[in-house]
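What follows is a pair of complexes built around chain A, which joins chain B in one and chain C in the other.
Showing the complex of A and B:
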């Protein structure tokens, strides 16, 4: 459908840019980077860029899984807790003498299994996504507390783990977690665009009933989405365990909120059927740059939550505005076609 | 009473009161020695913390008189920390050690219930209902440490006391409130201002010769602990005008947030001399940031001084390994032993204990880490668990 003949803001070049669901987030990143660079000369440094990239990996991985779940019309409140429990499994395995690689796989695997449990609760028991994953949030966190008695796991840091978690940087700014995150982004792009799961996921999210009637295996799609989200949480926990060198039972507390915020900023919708992997990257970038800017600018900690909340609000308002623009241009294009 | 250097610097009125309170009576022998044994080795009849010792006083007549007063009584306790953590695990083990000693000497039976919120989203409400539940079940005494609003808790405590459950707080920053308005029998802890924040500030000043740039990783805004520690830290800054805070950020008492905050602050100020992490986890996160930035940590002559506060075994190990310059040990073991003593003497013996009981705290560095670590390790092996 061409919009070139439509008169008005939606036909200008700017209009087209604004119609992109990620325009708001992109604009925010731009404004933040430019204003911070003017005010603080150290902000645009290579060191700081490396810091931001390394800090955003964790939220990014969770946001990727969250985006997949949101696309299918679900929500995963348990990713922070799964991240903590998976990290505990990994640390415990290594401490009990498992080779490093097995310990790391155990962490990621634990995440996938917990994600599978989410998916089964939702599809087999018919629990609402919100309730099932809220229960998992409590169960996984509680298990970690009971298991550890509140005492963090320590002593599992083998020399290679420092490299894997990015604490040691043999290749400069490009750390192993950044490489892992990049691979994960490419994998999710591939899964969403090139596989039948990807096509079905959008269908299930937009209209589960219609999807079911047209023969889409809705339950399998939902379960797969939660397994992907759990797997991402396990991967995040594995990397975070290395970065912090201890697994405290509070690990990952509140990360589900950051993951949801990043996915939404990146253009995913709570109503399902929308979202993409690059959006999650953008969302994670917005959150990480905001946190970084707050720290560098020395904004008082009382204001931090206000600033982060406002950024989220701004991004979503932009998203709504661009959706309205899209709608208007589609409508006017339709009208032209009729007349 | 022998005090650690730490409390010598700021002996508060309440600290003196508290030692006088526990100092009366022969029983105090054991508790006083336990409170000081990081400084002076225990001797005589007092049992080393955590061993299968007894609380005996070398006064058989007194011991048997107390034993007949106790008369095999069973005391039901409820203990609720704000979260399960290494800190509170140390405290609980120390409490078990003291309970076992009292049980062995005086024949008292303890029933212990622990309940902690898991910290997800309704921690405060959970603790309120935990205490209400224990009150309804007619517990003899409950011990509380909470992040809940002051007024809310006073109401809960008032109801508990009026239905016969005695309330004690531990590790609670009561120094921020009017003592008369606190509806508890006693508050066993330390003064976050002068026994923690102030100590960290003066340690930095002393180590750096009174001059240097500091970055600060703070606790969550609005937290009473954070508020109180900051008062003390600021006093130290006022007394040492050569110290300058060049950046501060919120680390939420979490290691990963502390690490990120320190990393961000270091990009702007690479020429800093010290980092003050308001708790140990954030200080350890900052230590990783310092390493990652290629800066040198304090080696006794130069480098970045990093100090935290808590006194965890994992922190002690980091100090021994040169990954943390110092920490303020806020006396987890002594708090655990002291609150059991306070319960025993007020609930069981009917004595009056001080409203505020402060245990000694100390700055732990590489020089004295062996003693501080051994003290906690001893307490981690109580003769009996409850």
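Showing the complex of A and C:
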């Protein structure tokens, strides 16, 4: 009885939509955009869209890296701290006289190296992902505080940096960070869909034992995922340093929450094996639009974190529901196959 | 299907002791499988009742029914003569039925006292009544060899025997009248085993009814009061041990197989190349990995199927994992085509031409979130990518389609998620995955576990095709008929050692009838070392 009704739901078109993990996020974006457009005429403007796009770049880049890590079945709690420390490395290098481009590369490289450290702790020392990256969260943040003595880095803003970080917009609201983010999205889509590494990543997250016995280089895949996540965090720190023109020791504090939220809203699963780059875009969009809506509606920005948390909760509840639907339709399909 | 009906020979011991539990004609079926078929059993107070049978004979199913984990589809259960219908293990426990499982069900970080009362703690008001719990455990533990110091140490720090004792205490603390022991001696040293037997004797003296599942025939004599033998999901006999010997019990367990055997014989072995002309692919010399594998020397030839027989825990899977590079040996060497190699990882093994169909499909084989195509190609993505980096999906899908057709995998398309296939088709997809990397050696670990008869035949055919094309195959199976049917040669393992090798299994009549060979193997696999009867039997046959 219940079986047939479940089959009824899951085989309709709506059933298919409801089973898609990103459906909830998409629905939320739609509802938000429509209701905000009705309530506040300034909301649906090109300028505001540009603001939203420029705001979402940071979370988007972090969420892309986080998605890769989540697909392999891991989690990276250290991205906020890596972002801050990498920005510090970049600012310091420029202040010490390094050419701008080298300074920027140093920031990105520092992120990649810290990500590599995460990967090695997890695979070589056998630490749980959660613990290793939690340790990195503390260590990287602590190092930044020690290094700055609590005093922000300033004075590294060369003229070109204003353009690179999007503070100056020679091409209208399409800023350099937006271009970088777009390239990063395409790159991650390519890596996940088109390369052996991407396929291996899904395999490792789906079933690490099976992947190992099938000849997948599980450790190498995990390390690579954390390097990508660290690299994205470094890139984000580099852009953020340009945007804020100072590197405070608190830079990037709490960004891991937004990054994980965006990735999960976008359909990545904490249990591994699921997630995609466009989902991360959707997740980052949801978070940025809600932030923007709060702003325009004149609500105090201190509400921001509460809203982020609630949106995450909503997305996960929705995901649980759709997973249940999927599971039931799978089981009933299996039962049909047997009989 | 089959035709020779199993006659239940029933010679029950003298009546007199009260029957605590009785099952009448209980049966259990799963889709496509009959797990238990009209079995009768009576457990009496103060009696040790042994339950024997090969793997898959229905022992676990019967235990599940008696301990309330599952509900029988047919037949009736009586406790103290009152008909009962168990829906949960809790109901069975409330009636005094406790089950001690093979896998540990203790919380390793909690102390003995905490474990005994875990989930059923005694309270005084809102607080735990630590004193009362401890006193009760103390009053019970003395005769079972636990010291006062043991009671406060975490269970994980105790040895295997003491952990069994904790489970026994757990049962006694709740006045269990029926205790079901699922292979309690596995993992115990010889001396510990003797102690456990003494404990079992004590339980019997307290008037507890024991149901004791074991694979080791030599243990039974002198301890069991009744022996019940299951075969092919049916009751074969309930017998008095005084009237039997290990050999006669083996005969009851193996019987004349009414298995799918005959019509599964799809392959004409006489056409195959003779054993001695096959060249060696891999050779193991004195390979050990303590404590699971000791001094294994073995060679596997191309065009040959080597069967690995043994009871659970004999080290067969561990041997497979060594060959696959999933574990490293502590000592000994491996030679591939005559050259010594170190197999560093399963990835390395794949490159060397070795692949494995693992034992547990759900936990070790399938990539649940992925499609059939992706599940097949994962072993060798280089084959479906350009420059070893960029995947060529069209090529991947084409090869997957070919595999689905060649192996007869029933699916809607190669893009279907693997979890939506039936067990047999999932297993065929896993075989396709292993074939995808073009191996020279394939290890099949329980390849037909949980697979229906039709898929079984298909999998046998795949194995034959593979060796006929010059591949070497190792088949690990707990089903003797399967091993006899597939293997050219059978190596028997026991407690991490290779105890014997039977060559010429492929030449019918050479070693006697199929059931005679089965008995020889069972005897070798189940006996203790030093027991020479097995070797004698074998010599007689050779």
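What we mean here is this: the second predicted complex is superposed on the first by the 312 of 339 C-alpha atoms of A that agree within 3 Å, B and C clash if a C-alpha of one lies under 4 Å from a C-alpha of the other, contacts with A are read in each partner's own complex, and residues count from 1 in each chain.
Note that contacts are C-beta pairs under 8 Å (C-beta built on N, C-alpha and C of every residue); 3 or more make two chains touch, one makes a residue touch a chain.
Since the structure is predicted, the reported quantities are computational estimates derived from the model, not experimental observations.
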Note to self: Under the stated touch criterion, which partner chain does A:222 make contact with: chain B (first), chain C (second), both, or neither?
What the structure shows: neither
Margin query: If we overlay the two complexes on their shared chain A, which of chain B and chain C does A:212 touch? Say first, second, both or neither.
Written below: second
Next item on the list: Tell me which partner A:276 touches in the superposition: chain B (first), chain C (second), both or neither.
Entry: neither
Notebook entry, point to check: Who does A:202 touch here: chain B (first), chain C (second), both, or neither?
Noted result: second
Notebook entry, point to check: After lining up the shared chain so the two structures overlap, which partner does A:152 touch, if you call chain B first and chain C second: first, second, both or neither?
Noted result: first
Margin query: Comparing chain B against chain C, which has contacts with more of the residues in chain A?
Written below: B
Margin query: Which partner chains sit in contact with A:142 here, chain B, chain C, both or neither? Use first/second/both/neither.
Written below: first
Margin query: I'd like to check the shared interface: which positions of chain A are touched by both chain B and chain C across the two complexes?
Written below: none
Notebook entry, point to check: What residues of chain C sit close enough to touch chain A in their complex?
Noted result: 31-32, 324, 326, 345-347, 349-351, 355-356, 358, 363-370, 374, 377-382, 385, 388-391, 410, 417, 419-422, 433, 437
Item checked: Partner chain C, residues of chain A touching it in the complex -> 193-196, 198-200, 202-203, 205-207, 209-217, 273-274, 330, 333-335, 337-339
Check: Considering the complex alone, what residue numbers of chain B touch chain A?
Finding: 83-86, 88-89, 116, 118-120, 218, 220-222, 247-250, 254-256, 259-261, 263-265, 267-268, 281, 284-285, 288, 291-293, 314, 317
Check: For the complex, which residues does chain A have touching chain B?
Finding: 40, 42-43, 45, 47-48, 51, 55, 58, 81, 137-138, 141-142, 145, 148-152, 154, 167, 169, 240, 243-246, 248-251, 253, 291-292, 294-296, 298, 300-302, 304
